[in-house]
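The structure is given below, and queries will be raised subsequently.
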């Protein structure tokens, strides 16, 4: 089941786009703010995390929209497969196409923004735990707005408040890693958010989808 | 059978303060084909979406083989094939991939007949081109190929013949007749003149909604 | 193709993929030889014989890669935009193909320019990367190449892809003067131009003559890479015409 | 000749790593740009030849 | 003509969404990086400009997509009205719904990020000249990608490189205003970019639309 | 008239290595109705999009009143009404607003007849609800209302009767006949059986493309 969804999604080859967006957002900062290396090293954890968050957010809107418009979403809701699993598979596929490559690319960004080498581990770990949570939360927003004719920006409105805790702990973890503090606590919180999300979010997404389609 | 396949009891639906139907009661048995008639906007699609469980904007009760739909949602979905206004075809995937995807959602489907089904709907040679390069009718044919693969007894078809050419319509009509003869149930809407004549039961929504 | 009789004959011929395939077949060996000769002499001269810079020492020798690649990356972009425009206006297939072939070559050359610049920056400025105007505009050029490649591969229909990328390439053309004049408009870390049409170079001849050799060598290399790709592209698109069939069968 | 010995040539006055790295990257870029189309050409020719054969059969 | 388009677009009431997105990006920054006022005052010009840029970018994708999908784009291309004007009107409408309110809201953001009062004038002026350019450039990207089934992130890939100069001069203008340097030069460049965009971009957009629809 | 309204000369179109038509020549005069026939995927939509100037994936020449289309694009667009597979109806706008929007693109249109047109297509009472709450057929009716408002001589209609009920089809057929009688020209495709009988000229693409 999961493999099917993944397979079908692979074809979209959207893979590389969020990545390049991620890279670009990160380059916007030194350009717009200040190119001074010590300054950049200071803000790097936050900037990378904000960029990751925005990249996820941007890719979120299209998650269910095309399914809604061409009627495949109806078919998903009418299938005898448990909706929980189908939704989870869809979110997982989304994460593998955005969050995961983003995490893998993050060290490159770190170098570009002069992030000290000690921070790299924390950066990758925190993103690894944080980005799936972002995908899960984002999918709730996407499911809620899919039936509306506007979407697009509305979704960020719904989702961003929920993203903020992830952002705070994620960037705190990286900053901790840079200054040599123990990361365990932050990562544990990120992990807890992820597991909570894994259990609850698919339920919310499923319910939201049913409501949106029934409207 | 004494319990009807599908029993609709006292269905009421209004949209934007327009009553579409009220006190709608009917039963559908195995082997029956029911055509919902009515002019544009009379509520055919709304009714079919309610019956399929997609829409919940209604009051009243629906029973599937004697059980209330709320209590047997899972079993009902297993025995249902729904074909809506949007054909549910992903434009970036090929016809073959689209059907495989659908089959992965419906494990009881017979995938060995996939190639046969694609030939049957006239898509031979188009199995592996992305659907957005297909014509309007070909896209709907991709979705109609599901009819050849499905083992679900209940088919709910909303204007299945839209954009299909005459030969295609004749073939699909034959398919529907066969399905009914084998004990299946079909509920459909169409503005085409069906050649099936008296083998079909008609239900006119215009009279119910008083739009005529 | 109805009322274009005013165009010179070679323009017509150029529009014929077959003629283009044949002429590049003849030109290719010439350019291969020229490129090898120029690049080898240039490299040996640059690495072993040119004098070291009195300020930068031997790291200065990077210039012989850096400047040719920087210049070439921009020229390649301009060629792409012009070819794209020709394809848009006169619907010339070969121009579309040239434009398409430019993008990957140009992107790789831009990478080379960026990489050598970054490597050079480490010993001279003390850091791999600074956010200065020329560096940034060069990075934008690279991103433009990437965008064009992405757009081209996202569109299935060849004609549509060619036209869309041509529009994008033309729009991106505004970046070229920015790269060129960024060093004059803003006071930056980066060196101003070495070669100007109006003045003699400030460097001694032992330094700039090999540079010139390398620049010309890079252009010849570009011609070779271009023709190789173009010939593939011609075959790919004309695969159903009889002459390509004969070519492949025979 | 601006170098006395081969070792000095390799060292480039302490900047050896940078200089040689640059030239190596240049070489890689050049080679890629030549090899890639050549391999692609082989691919196209075999592909098209196979297609021709298939067409002849049917 | 223009009024008609505006009218029809007003109904979408998308008005408030980019605004709130804009606000949120700006609040993410102190959260993700550092809430220290002097630090924030330093980065404020850049952050506000990056936020404005991303808000515009986000709203860009939907500019022609729904028109393409429901067939209104075909009707626009087939209308006897000059395409140049129709496109210009559409971009103008887009700007009035995103760029303009964004500009008006920017001082609020400035205050939130402790931007010194001297910078406010520069901020508003630079956004006023810069955001229409962003809309114009973005519309080119939107027109090029509208026929594709992916869009979404591809558009940022195409458009961001062209946004970078606007960003640089925009934030430089604000920084100049903060430090009391004369703004004239920066604003002149922004103005020049805008007028170039006004003349050229509609042509490119029109050509791109014809190509996309014909594909 | 000696010069035909629309002259198609040696049209060639291929998609994905499939030749759809080749050496296609025909002329259309004032007062004529031409129905393009062919099975699904035979190239009807492609042909209509080429004729309307939307698609440029073709070789050959098209002349409008004796002039090459490239040289009179503006005049051609003024005299053309195109109705495609997508009806061009904005879901967030109401039927009235949709038509007003369309009229703003076509200044020669007669807006005083707007209410009349909406009544004619059976949308009385729905003038001011957003179109996404309308049924499939009602949405297409909104677009068809343009036929009542337009003064363009040439109509290109791609399956105008899709999702329209029987009474609606009959009315639209009558409208098309009237338009032709008044000197208009109609090129249309449909899989419906038209009642106009012999007043119509047919052009079958299947034979051209060799798909039959």
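Here the chain labels run A, B, C, D, E and F in written order, and each chain numbers its own residues starting at 1.
Simple rule for what comes next: contacts are C-beta pairs under 8 Å (C-beta built on N, C-alpha and C of every residue); 3 or more make two chains touch, one makes a residue touch a chain.
Note that this is a predicted model, so its numbers are computed, not measured.
> Apart from chain C, how do the chains cluster through contacts, with nothing moved?
Groups left after taking chain C out of consideration (others unmoved): A, B, E, F | D.
> Going only through chains that touch each other, what is the minimum step count from chain C to chain D?
So the least number of steps between the two chains is 1.
> Compare the two sides of the chain B and chain F interface and say whether they are made mostly of the same residue numbers, over half shared, or of different ones.
Since more than half of the residue numbers are used by both chains, the interface counts as same.
> By the contact definition above, name the pair with the higher C-beta contact count: A-C or E-F.
E-F
> State, to the nearest whole Å, the distance from the C-alpha centre of chain A to the C-alpha centre of chain D.
38
> Measuring from the mean C-alpha position of chain B to the mean C-alpha position of chain C, what distance in angstrom results?
The computed centroid separation for chain B versus chain C comes out at 58 Å.
> Report the inter-centroid distance (CA atoms only) between chain D and chain E in whole Å.
Chain centroid spacing, chain D to chain E, equals 43 Å.
> Rounded to the nearest whole Å, what is the centre-to-centre distance of chain C and chain E, using the mean of the C-alpha atoms as each centre?
Between these chains, centre-to-centre, one finds 32 Å.
> Quick check: what residues of chain B touch more than one other chain, meaning two or more?
85, 91-92, 133
> Among the residues of chain E, pick out those that touch two or more other chains and give their numbers.
Expected reply: 12, 66, 69, 149-150, 154, 157, 160-161, 164, 168, 214.
> In chain D, what residues contact two or more other chains?
Nothing qualifies.
> Given the complex with chain D, which residues does chain C contribute to the contact?
Against chain D, chain C makes touches at 39, 43, 47-52, 57-59, 61-62, 65-66, 69, 105, 108-109, 111-112, 115-116, 119-120, 122-123, 221, 224-225, 228-229, 231-232, 235-236, 239, 244-245, 248-249.
> Spell out the part of chain B that touches chain F in their complex, as residue ranges.
Touch list, chain B to chain F: 15-16, 38-42, 44-45, 85, 122, 126, 129, 133-138, 141, 159, 162-169, 191-193.
> Using the touch definition from the top, list the residues of chain C that touch chain A in their complex.
My answer: residues 127, 129-132, 136, 139, 143, 146, 150.
> For the complex, which residues does chain C have touching chain E?
Of all residues in chain C, those touching chain E are 88, 136, 140, 143-144, 146-147, 150-151, 154-155, 157, 159-160, 163-164, 167-168, 170-172, 174-175, 178.
> Please name which positions on chain A make contact with chain C in the complex.
The contact residues of chain A facing chain C are 16-17, 20, 24, 27, 30-31, 35, 37, 112.
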